[in-house]
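Shared between the two complexes below is chain A, which has chain B as its partner in the first and chain C in the second.
This part shows the complex of A and B:
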């Protein structure tokens, strides 16, 4: 019964989102795209977090996907749509290879290394002038789909749908049990026969692939990028704050957080051009101290309280 | 164990240093100066990590805030940053104490995840607050004594930055004396080694943590005041130092404060080594990231074998 209701709600939401371009102008669609991008990143970050590993390298993989897609079009003359697929797979392959090294690390060492990797990607692309355009970045011959706002919106929505679908699958598969076991107690998970490294590698590769995919979609929708925009720290920071506010270890939490913070930040950006992100810092600190389970956790507690 | 490792690391470094001295003296001079800067910022973070066992991802931002404070004071009163040094350190000590009391203390028992994200949030809060108050425009105070230089034969180089080397060495010596000679320092050291054991023998763990946090904040505040004599500041100026400091501490091993000096020399000299050549100059920034990753990975692999 409850499950049917959830499916119905998801279906209605999907239909509403899909027909939105018929009613909205270019600016609201642009805001919607930015919210959806951050939402996908927030959900993918949370997917890895469910195993207890905190990545600070979202921007690194996002930027890697951006550059892979842009350079495939520019240097290999690939079709933009095809480049999205290849850039996504390429990011995944790089993450898979890196996973063998970084997934041996735990806790703060893992987090700091992911942060450092993001910086390495940025510096390499910044310095390879002839290949990546150096600090000036790259300009594509054109925006994908001729820059039609509804088409760009649907492309971004598709990326989000893939991410949410993967997250939903993660939550319902054996993988979820394995990742939760690793998060709760690695030693006892190992003792129960969970192949920890394998599951972490799957989670790391899949989430990185999703982040690269959103990066590729972003660069094709704007038609240009620079190392500073593709690897902008905000791509790490905002998704993190969104997932925390909404409630970690779930799909619903990051979605709620992204809608709230995404719209709030568009509004704040207009009101306070410098330093509107201070709100994000305050939110992160307050959420960690006062409601570590986020809004979803709060709602769940309230419901449980009413029932009791 | 740590002493023996320090000694071998020291010997290898000394050999490398001698080689470079003969071949390209400026690499060594500027490398040492950079090392002094890195070490004096990393040491307070190492103190917190060694005793409170918390990675303060807002460490560089503490320094940035202190630099802005110094900037405001010196702009308003025309004072030299060296005169503002002690008041600034006092303010940051109080600030560090408050931050500990209001936030860190509540997250001590929480999973490490929460602590990391909490200090990450503090870092964003400080950077963006600076953005809000001062905008992202760079600020600078200029002083003549900064450009002091010395000529030895054909060689001419700036000497002002040696002040950082002096500060770093003073910090190491001062901390050693504090941790082994004073009652509060011994208590802090004991808490760092085993908080539960320390609590059993009657040491106030919470007080030791608060004191450590305040002391480290005072040290980094002092660095903030000195930092502005030499560099322009902007809201994001501190964040690379957070990562560099963590890297240097990880390289030295947590709790090994003199080791931070050695790892700083390694980082400073290798960065300046790359800067000495036109073709590799732009890649100097990457040295540190390569170092951090190889060190961390090396440690984890060695840890697996042992």
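This part shows the complex of A and C:
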């Protein structure tokens, strides 16, 4: 019964989102794309967090996907749409290889290393002048789909849908038990037959692939990027803030957080062009102090409180 | 023999803990008793692959499992109830039990029967089925941990100090359940609570300073002058 209602709500939301371009102009659609991109990043970050691993490398994989897609078009003459697929797979392959090293680390050491990886990607692309365009970045011959606002919106929506679908699968499948067990206690997880490294590698590779995919979509939608744009720390910090605000360890939490903070950030950007990130910081501090389980956790407690 | 350990040497860093330990378990329940620091937990960690043995061999069910990865040993049929940090505190009883079977091939397709058996053994878990384990009492948590291990349909159940931190009445209850279990599954239990454990197992080994100093039937060990003097306070 409850499940049917959830499916119905999800279907209605999908239809509304899909027909939105018929009613909105170019600017609101652009805001929607920005919100959807951050939402996908927030959900993918949370997916890895469910195993207890806190990544600070979202921007790194996002930027990697961006550059992979842009360079495939520029240097290999690949079709932009095809480049999205290859850039996504390439990011996944790189994450898989890196996973063998970084997933030996835990807690703070894992977090710091992912942060450093993002920086390394940025510095490498910054300095490979002939290949990556160096600090000036790359300019593509054109924007994908001729820059039509609805098409760009649907492309971003497709990326988000793939991410949400994967997150939903993570929550419903046996993977969920393994990741939750690893987060709770690794020794007990091992003793219950969970191959910890395998599941962490799956989670890390899949979430990195999703982040790379959103990066590739972003670069093809704007037609240019620079190391400072593609690896912008905001791509790490905003998704993190959104997931924390909405409530971690779920799909719904990061979605709610991204809608609220995404729209608020657009508004704040107009009101306080140079200080809006300060407001962000304040929100994160307040959320962690006052509702560590986020909005979803708060709602759950309310409901449990009413029942009791 | 279900478990056969021969000449096991093991330790941490440069510090040897176990010296040439040999031990075997058939279709029976066996207690491993000894004081703090004797090497009981290290022995269990070596069997379950949580620490790498330095030398010697561990054979389980006719197969050499020396130095195998923990999850492989678990899948082969050894279920461990670790000391203290034994549960997934953020998960419900139901999820903890489901997890016990989820990744073990020999438990696949029998989950319902195994669950039924666990709930029959620990009826309290039926009442608390949807409760988050972290909010339960120590004794109930220990029961969840044992039940979760049983969900793996093990051939050998290893319990590391099941009485630790429990009140005496719960300790007897846990051991009563274990004596019921030993019909179906071989049991290795480490204990400092020598009296309770010798009452409910078939055989025992006494481990001191990393070496086996005594072994025999539980009833004989309970009467042994050394055991009486050192562990039973007689």
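What to note about this one:
Here, the second predicted complex is superposed on the first by the 308 of 308 C-alpha atoms of A that agree within 3 Å, B and C clash if a C-alpha of one lies under 4 Å from a C-alpha of the other, contacts with A are read in each partner's own complex, and residues count from 1 in each chain.
Keep in mind that, in the parts below, a residue touches a chain if its C-beta (ideal position, glycine included) is under 8 Å from a C-beta of that chain, and two chains touch if they have at least 3 such contacts.
Keep in mind the model is a prediction, meaning the values are calculated, not measured.
After superposition on chain A, the partners chain B and chain C are accommodated together without colliding.
Contacts of A:77 after superposition: neither chain B nor chain C is touched. When the two complexes are overlaid, the chain among chain B and chain C that reaches more residues of chain A is B. Across the overlaid pair of complexes, the angle with its corner at the CA centre of chain A and arms to chain B and chain C is 80°, in steps of 10. Judged by the touch definition given at the top, the superposed model places A:127 against chain B, while chain C stays out of reach. Shared-chain residue A:25: touches no atom of chain B or chain C.
In the superposition on chain A, A:278 contacts chain B only, with no contact to chain C. Closest C-alpha contact of chain B with chain C, superposed model: 5 Å. Looking at chain A, you'll find no residue that touches chain B in one structure and chain C in the other. Residues 49, 52, 54, 56, 101, 104-105, 107-109, 111-113, 115-117, 119-120, 123-124, 126-127, 237, 240-241, 244, 272, 274-278, 280-285, 288-289, 292 of chain A are the ones touching chain B in the complex. Chain C meets chain A in the complex at residues 48-50, 69-71, 74-75, 79-80, 82, 85-91, 95, 98-100, 102-104, 148-149, 152. Within the complex formed with chain C, the chain A residues making contact are 174, 177-178, 180-181, 183-185, 187-196. Residue ranges on chain B touching chain A, taken from their complex, read 55, 103, 106-107, 110, 112-114, 116-118, 120-133, 135-136, 235, 243, 246-247, 250, 282-283, 285-286, 289-290, 292-293, 296-297, 299-301, 304.
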